[in-house]
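Chain IDs A, B, C and D follow the sequence of writing; residue 1 opens each chain.
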């Protein structure tokens, strides 16, 4: 059974990563790669690491033709641009995975407030499933439109879900201190991605106002069964790939034991291949998951202050974007969830 | 007036940085550089960036001779090794700046608990001043032994002092999430400093157990006038120089206004050249202070959660070590505090 | 058909890379990983990126037992240490791939001169095949001991073979200017691999005296059918993986046309999947082959000076070491040459 | 004696570096900083590392006013844009240092051929001095317009001048293999300067066609007294600052001794503070000169092939641009040549 897949907006970093991953996927045939900037250019001229692997030529987004030849449409466009594509694809009964933010926030008013864009597909929004399989697999299975999570939310939600599920923490005390590599900002040109501005440098940015905040809060609230507000601080690392989130929360009284916390994680993720709860004393490093679809989690109890400190690491382009998109595609197509995604990180 | 200075343990990174800084200091003559590993080797052979600048040859630590020719002894040895040197220097009436941890913690029992070393100079400890001039200048002026602060504590204490002084935060809510470049671990060989283990990588380490924790707590408690316990998490950045600390605290009720916070900082640091409270909306970047003795501070109010988020940046080898040592030396020698230390960071 | 493979010296970077690659190899079963430093330690504790993938525990090199359970022995030891292992393995009729230098130089006197070690296995040396499949496949097929090439030689020989084969250059004019990432120096601790000494830095080293020189000359001489001496200059790049060699040679009179050069390369490598002669105007970048077994080649003619400038890029740990070892193992085991090695680089 | 200096085009990296250096210059007063993109913006808002140091506000280039208040005009504009500014400044009798290429090539036809721009100031070109003090100081002293050299030419010419002056090499055999940090490409946005495209990567570019080639050839020819053609290959290093050039040439018959070569360099540079001929066995590293105005030179003789291999290292923004501009300004203003430029590199 071969699934025919088109990628809309294929020439950014997440698009290129989708192409790379899908070339190792035994049941996928790539049928079209669309672009605005590189029409008629061979994809391997834009991304020569794929020379000898990819023979497709980039094409304009051409709705009827595109949809005829594809069963699955993966959208890798900036937020605000996926809505019309998804509407058209849904109308024709295609399966859709959207890597952007347009279908992640269940309340369109929250979307419009944080993204300053009108939501043009509210009905479709209702049918979208939030695509974090480890916390929402049942809904994904039934969906034909999956909203692939943001990179920061993936790392933060997976770090916190077991604590909230087992009601181990004061839900008002959550602080998420995240650090991301530069590829999270995409291939577009910006001073903030200039090598000389990032290299041998480090900074916080968008402190307390980053758009991934409501997404994190939405999912944590759903898991906890109560409204949750968090402090979320993103930082820019001088690396290409990788996110490490350091998450702080106050344990509920009386202080829970360290073992109780570990058990909560081992239980929550007991059937999850892609989440690796590391052995006691081992803390995640971003490079261990470089190029891999894993989320590694490390647990520490600060008994002096009664806080739990969870660190989680992902490759923002894989588990934080394109790898997770393929994981979602596998789920909605009835394929084994790890197909094309099995394999450890590239270390060192 | 020329001050004769010897550096004990000159061949590590903080030693080399002392030599570099003191070459631009108009009132210092370097008289001796001691070493255990490189006896009889010209210093510029170990550190060729100083070729044509430094003509000294490294020598063994030779007490009487060393002290004869020096008025100030700067000690850049690993913790546990400064105590005998300081005892001897103090006996002979020399001025001392110690870059290590041996004289930072006022309670020797705390030192012995965290550093697993017996304190052999308890009496001398009583006379030592904690060398963070911006919070402790009056005591430094009177001291002849200055305990130069740790790199993390410098960044954390300067970030928090105004909030505590003005009693603006819940003192039980402090979380310090710090990120440091690799030079903080010194020039010694260790797998954790191997290029391939650090480059394109990021991790937390020593979570909740780092030895700088009691030092931070000691000084914050002194400023606040009450015992303070903090959660402190260090991380390793793939850069050579720089520390950025992101500090979280809950504001006291009723929530203070943003302006009130900024005023507290501007007031606290109004006469401090080396602390730069950045303009509203500007957040520090480590590279802006690379090679400079500044501590840059950025302020953000997370009004959704009632937290203040302070980011502070230093060069761990300068304001976090050798630059601050020269600042302290200037103070105890009656020289202008910024002598040899004036100048912006090397950017980009 | 599953091949049972043991790795002797598995805990260095080339060992870890072998383990990573072989986990994706459908016809290999890893039976033992030997070590001197980490006996009885689970391999995934030394290399946690392999957590959930590898369940082997490191063991001492135990000859009879090791060889009983393995058909192929891959040796990843420092030079001088592979000879006794290979002798024992050969005695028992095992197939051997040695990643070190002990069996690369056909003349043991050249080996002893450059490596300052006595050659203890001269007879076995005679039967060893130099393991660069693209220039020596026929001999490899017949061999049971393959000497895997050095990383620099792989990049240099592949860059020059077509020019020499087609007698297009003055063989006395060859200059090889190579630049390598730090992983080429291994995981051992050395000041030259310390992050702070390498990061944001660049240098040449071992100029005109590097041990890979005679290996390059041996193979180029064989291809050219005449003795060839080259100037070879290695440099250290602040990256983990990758070698780029820039090779200069004077074209023979009358100057050959640009097309003639390109044709020589396309012809020489027409059946080689792992060598990619890039399109005209495209020059290799090390990251395009990161994690992949490709050698990318770019061609430029400097018509003003009559020189040809060839740049070649490999991942030093893959095509320059462990990937090529698996390629050689595939050949001597009769498996498809690209098994376990298919796939593009991880970019960006 | 205070010199009033304006910088035209101050907001690029070389402009910012001029500002940084001139803040440590005891005899300079900065009077104006012009810009096209940041009119009316405080300079320390564009470059916050200068916060508390620089109070100037960027202004449009305003000819009469600008020239009234300045004795020296330093031009840091892209090539093609300096000609009209220099014409106007020269008409008013100002001293000029131009960091771009407009006045470097003595033959305007060579300029027009390589830069594809018409030369609008041919007369002024005749009066310009090529600003490499170590090889052309006498002419600079007499000039009022100095053409500051390119970064690559600075490193290449200083590496070769003694060999040519002493006629030690075959002038037809020169190969210059140069590697530069990214700041050499400026602060402008381009995919080639995007962090993710450069980091953990390495490539050659503009092979055999780089515009610095005729500049290198012009000066080498002048020194040698005969026309010289070279092969020049630039590469892009994943570092911010630094150029290392590895230069190859065949020694003339009979082979000269190693000592003879070293003597030629020591003699040629015996009075030059900024050129450091490193001790035998020591090879330059770019970081040793980071932030400093030195050019470090290392010498190796490849006796097997009869080639000399010279490596030279500079900071491309200092000795390769802004530092050398200040050195030239000092010369034409009659100030000590090292004023504001004394000091070693920032290491590590």
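Side notes on the structure shown:
The working rule: a contact is a pair of C-beta atoms (placed from the backbone, for glycine too) under 8 Å apart; a residue touches a chain by one contact, two chains touch by 3 or more.
The structure presented is a predicted model; accordingly, all values stated were derived computationally and were not measured.
Where touching is counted per the definition, the chains common to subunit B and subunit D are A, C. Of all chains, the one whose CA centroid is most distant from that of subunit D is A.
Set side by side, the interfaces C-D and A-C show unequal numbers of C-beta pairs in contact, with more at C-D.
In whole angstrom, the spacing between the mean C-alpha positions of subunit B and subunit C is 46.
Subunit C and subunit D have CA centres that are 39 Å apart. Centres computed as Cα averages put subunit A at a distance of 36 Å from subunit C. Under the contact definition stated at the top, the residues of subunit A that touch 2 or more other chains are 13, 183, 196, 199-200, 238-241, 285, 287, 290, 348. Interface of subunit D with subunit B (complex): residues 13, 16, 20, 23-24, 45, 47-53, 183, 199-200, 240-241, 273, 276, 278-279, 282, 285, 287-292, 296, 343-348.
Subunit D meets subunit A in the complex at residues 13, 182-183, 187, 189-191, 193-196, 198-200, 238-240. For subunit C in complex with subunit D, the touching residues are 175, 177, 179, 196-197, 199-205, 207-208, 229-231, 233, 235, 237-242, 244, 246, 248, 283-287, 290, 298, 300-305, 307, 309, 311, 313, 348.
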